[in-house]
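There are two complexes below, and they share chain A, which is joined by chain B in the first and by chain C in the second.
Let's look at the complex of A and B:
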């Protein structure tokens, strides 16, 4: 055991990198089909969209860039798909990172081509705003006056049929934010108390645990827990897309992590025992 | 329309065409003059002006929140909230410009003086100019889309993906069970992570989902219990602490009580 313990604490990091790379590639090529339990918070997110009235607008806020697109992109995609399947009109808005508005626009255009969604009539892009607090406070009072024009044609929002009947956040049915940061505090603090719209949040996995206190209070109606949340959403929509496949490498990478932590600790105890015997 | 709103409407009527362009140019000129005057003032006078402007800016939202509202949930300042929101966005945009100027100044000097690593500075400046020109002039072309999607996004995603490798390496080297607390943390982390992935959930999938005491032993249920019953109160406690700290910091900034080494040094110079 003493001979085994010592080397286990000194595995070259290049082997670790290689193992992770191999596991992710294999997981993507050979997906393992296992059932995924749908969490209550993902169910509530789905139900908020499913029960949204068709006469109100859904606001889709994005705050992610290419760095977290591994999780945020599938989340945004699957919810946009659901909105279009239900023929709900929606508006995109972006904060935090200027990339967010372009990436969300690309995603919406992809889905719009499939579901025959017309820009300006069924959906609109309200663009990127640098200051979230000032913008949200303005939107609580008057969306058109605060945002003025869309980001694609730079035309006044009032000219678009999709914005008909929308004055402020009270005229929204659902606010869905897809985020790589802690933006939810601005929404909860400045908007949620001023509207009956369901506020749903889709963060990266690493951020998700801090949201449970707001889910508990009902200020956040539903949540998608990283890419796993997106896979759950896909499952509720009876679809098997990229997200369902992508959950395999995530699972395998976590298993690798457990194994390596176990090996590291076993090596540590073996070393201690070896030192105790000598 | 309340008295403040009607006064502002009369004082600043809506402008169009040449008049609007002239007003914008006048505002830009006034800003430049303002900055020059501020720079020329002694440090203490400058600090007093900045503190006054900061206080007034913060006072707007405080008054708008606390002043009594009518049946439409509006008071005498509510009409200005969207406009003030736009002003804060413009100010945010100007800080981006300051960042760009700072980058040009520092890296431009590196290139001109051929300092060590000047090639990196040159690459940064060239990339910045090319990306800016592509975004402003050729936004709807393949050139911009290729730079944005194929180059910038790929670099961004690759940079973040590299973290996964470091996390695996760090967890292997640093996650050692040396105490009862570390053991507890390890077990909780293991259960939560297993409960989040299909492979982990499969280990206890044969147990009933609900309706039986045995369902409490399912990994996904234990994981959910840890997140909602153990994690949420802890997060709430942290949130309370952060909230109180945030309030104190906000008050200090609003009243210009916050001390900064640069600001104080500049004020003391005069």
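Let's look at the complex of A and C:
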């Protein structure tokens, strides 16, 4: 960039990083409550869990790691909380990323201690699988034969009360996937047509726009749009957790970006005008 | 599997905080501390993948059935998998094609099934009524026939214009076709803008998560 340009085009980038950091810190410390409209897709996700029958199992699939936990962790946490509040049986399963099973286990243990959930009776961890397609095809036929043992005690799944009456995906009420990748295509392609279970998806914000065609066609019942979706879910549950606090700095940071883009464009325009006059 | 208490141990929190600050130091400029922690992070992730692959997949699903339960056919799986490595030998590389061919056949069959169940419901759903009757309004939605009709009209208009843009079989000289394709490109730009905006929001969320970790878990400020 020319040193002769408008001053707005020569702002040191460290000032911009500093401004962003300041807005995030202030937004987290000072609880400014900005209005949050709950989207129809988040409502449908919530209603799928709220209306799930208690005699069926909810499958919670995770495919995220430390790199996207800023969005996927609060999503998973708030839905696990909802499941336990309703006292629904659930099973964890992880695909794609090796960290996913440990992080989901950690979250489930945290919430289980609060809601007195007993491992094996109320919930179970089916572990991590690398082969997504092969595992899903197997689960359509028989979950116990495909996955065989749980991830914590390595005991046969049939021995656990939580798996009673569960043979295949037809015995699930809701399939909820929390993901940092495009794994929904495997679920839609291989599982959704074989069960009446509501398939709900919680992706990172990067991926969410491409899912609207699947929401429109009904292949995906509900969706949580990144951290915003988690905040909406918290609002529906009348909870005030991390995302309710975090959504304010997200909004403030986006306002800052709007302002900076405006200033940058004005700087470019002013530079061109200066060059034209000289 | 480690319990939740293991991960929230003060040593883990301190290591996480130092790692976060070291990686953020790149914002100031490239430096050796950043490089060191970048390598630690990549090494940890790779090591964790190897460990989990053994403890969650190969150990319980292959090693235990083969060596503890005496299910010898699992040895054939190892033999089949090892065929991939013959690719490194000029004399025996033809054997790797057996494994690759089988894998490609499996993937192709899978892709055929998923493509049908993926796109056919979407194509079916893209036929939307432009003249909506009251019985087509979803119960409790609060929508009107005019609102749904306009929404459907907009949907069909955008879909047709975008499809026109991707029609490359003839030169788009006709004015109507050219205008439709230009509009389609404009609509695609709107979509890309929405994706970019979502990407920015995702990055902000990751930053906020790390700042919250430093403030809440490490410094106990909140």
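Everything below uses one rule, namely that the second predicted complex is superposed on the first by the 273 of 278 C-alpha atoms of A that agree within 3 Å, B and C clash if a C-alpha of one lies under 4 Å from a C-alpha of the other, contacts with A are read in each partner's own complex, and residues count from 1 in each chain.
We adopt the following convention: a residue touches a chain if its C-beta (ideal position, glycine included) is under 8 Å from a C-beta of that chain, and two chains touch if they have at least 3 such contacts.
Bear in mind the structure is a predicted one, so any value in this text is a computation, not a measurement.
Colleague: Label the relationship between chain B and chain C on chain A in the superposed model as either fit or clash.
Modeller: On the superposed model, which is not a single observed complex, chain B and chain C clash.
Colleague: Is A:70 in contact with chain B, with chain C, with both, or with neither (first, second, both, neither)?
Modeller: both
Colleague: Kindly classify A:246 by the partners it touches after superposition: chain B alone (first), chain C alone (second), both, or neither?
Modeller: Only chain C; A:246 stays clear of chain B.
Colleague: Which partner chains sit in contact with A:43 here, chain B, chain C, both or neither? Use first/second/both/neither.
Modeller: Neither chain B nor chain C is touched by A:43.
Colleague: When the two structures are overlaid on chain A, which partner does A:258 contact: first (chain B), second (chain C), both, or neither?
Modeller: A:258: touches chain B, not chain C.
Colleague: Figure out whether A:152 sits in contact with chain B (first) or chain C (second), or with both, or with neither.
Modeller: second
Colleague: A:218 contacts which: chain B (first), chain C (second), both, neither?
Modeller: Touch partner of A:218: chain C, not chain B.
Colleague: Go through the superposed model and pick first if A:142 touches only chain B, second if only chain C, both, or neither.
Modeller: In the superposition, A:142 contacts chain B only.
Colleague: Check whether A:16 is in contact with chain B, with chain C, with both or with neither, and answer first, second, both or neither.
Modeller: Only chain B; A:16 stays clear of chain C.
Colleague: In the overlaid three-chain picture, which partner chain does A:25 touch, first (chain B) or second (chain C), both, or neither?
Modeller: In the superposition, A:25 touches chain C alone.
Colleague: Give the stretch of chain B that clashes with chain C in the superposition, choosing among 5-13, 23-31 or 167-175.
Modeller: 23-31
Colleague: Which parts of chain A are touched by chain B and by chain C alike?
Modeller: 17, 20-21, 65, 67-70, 99, 102, 106, 129-130, 133, 148, 205, 209-210, 213, 216, 225, 228, 250, 253-254, 257
Colleague: Spell out the residues on chain C that touch chain A in their complex, using ranges where they run on.
Modeller: 1-4, 7, 27-28, 45, 48-49, 51-53, 56-57, 60-61, 110, 113-115, 117-118, 121-122, 124-125, 191, 194-195, 197-202, 204-212, 215, 221-222
Colleague: Give the list of chain B residues in touch with chain A in this complex.
Modeller: Counting only chain B, the residues touching chain A are 61, 74, 78, 81-89, 91-93, 96, 148-149, 152-154, 156-157, 159-161, 164-165, 167-169, 171-173, 175-177, 186, 190, 193-194, 196-202, 205, 209, 218, 220, 224, 227-228, 231-233, 235-236, 239.
Colleague: For the complex, give me every residue of chain A touching chain C.
Modeller: Against chain C, chain A makes touches at 14, 17, 20-21, 24-25, 27-29, 65, 67-71, 73, 98-99, 101-102, 105-107, 109-110, 113, 125, 127-130, 133, 148-149, 151-152, 154, 185-186, 188-190, 192-193, 204-206, 208-210, 213-214, 216-219, 225-228, 242, 245-246, 249-250, 253-254, 257.
Colleague: What part of chain A is in contact with chain B in the complex they form?
Modeller: 11, 13, 16-17, 19-21, 32, 34-37, 39-40, 65-70, 99, 102-103, 106, 129-131, 133-142, 145-146, 148, 205, 209-210, 212-213, 215-216, 225, 228, 247-248, 250-258, 260-261, 263-265, 268
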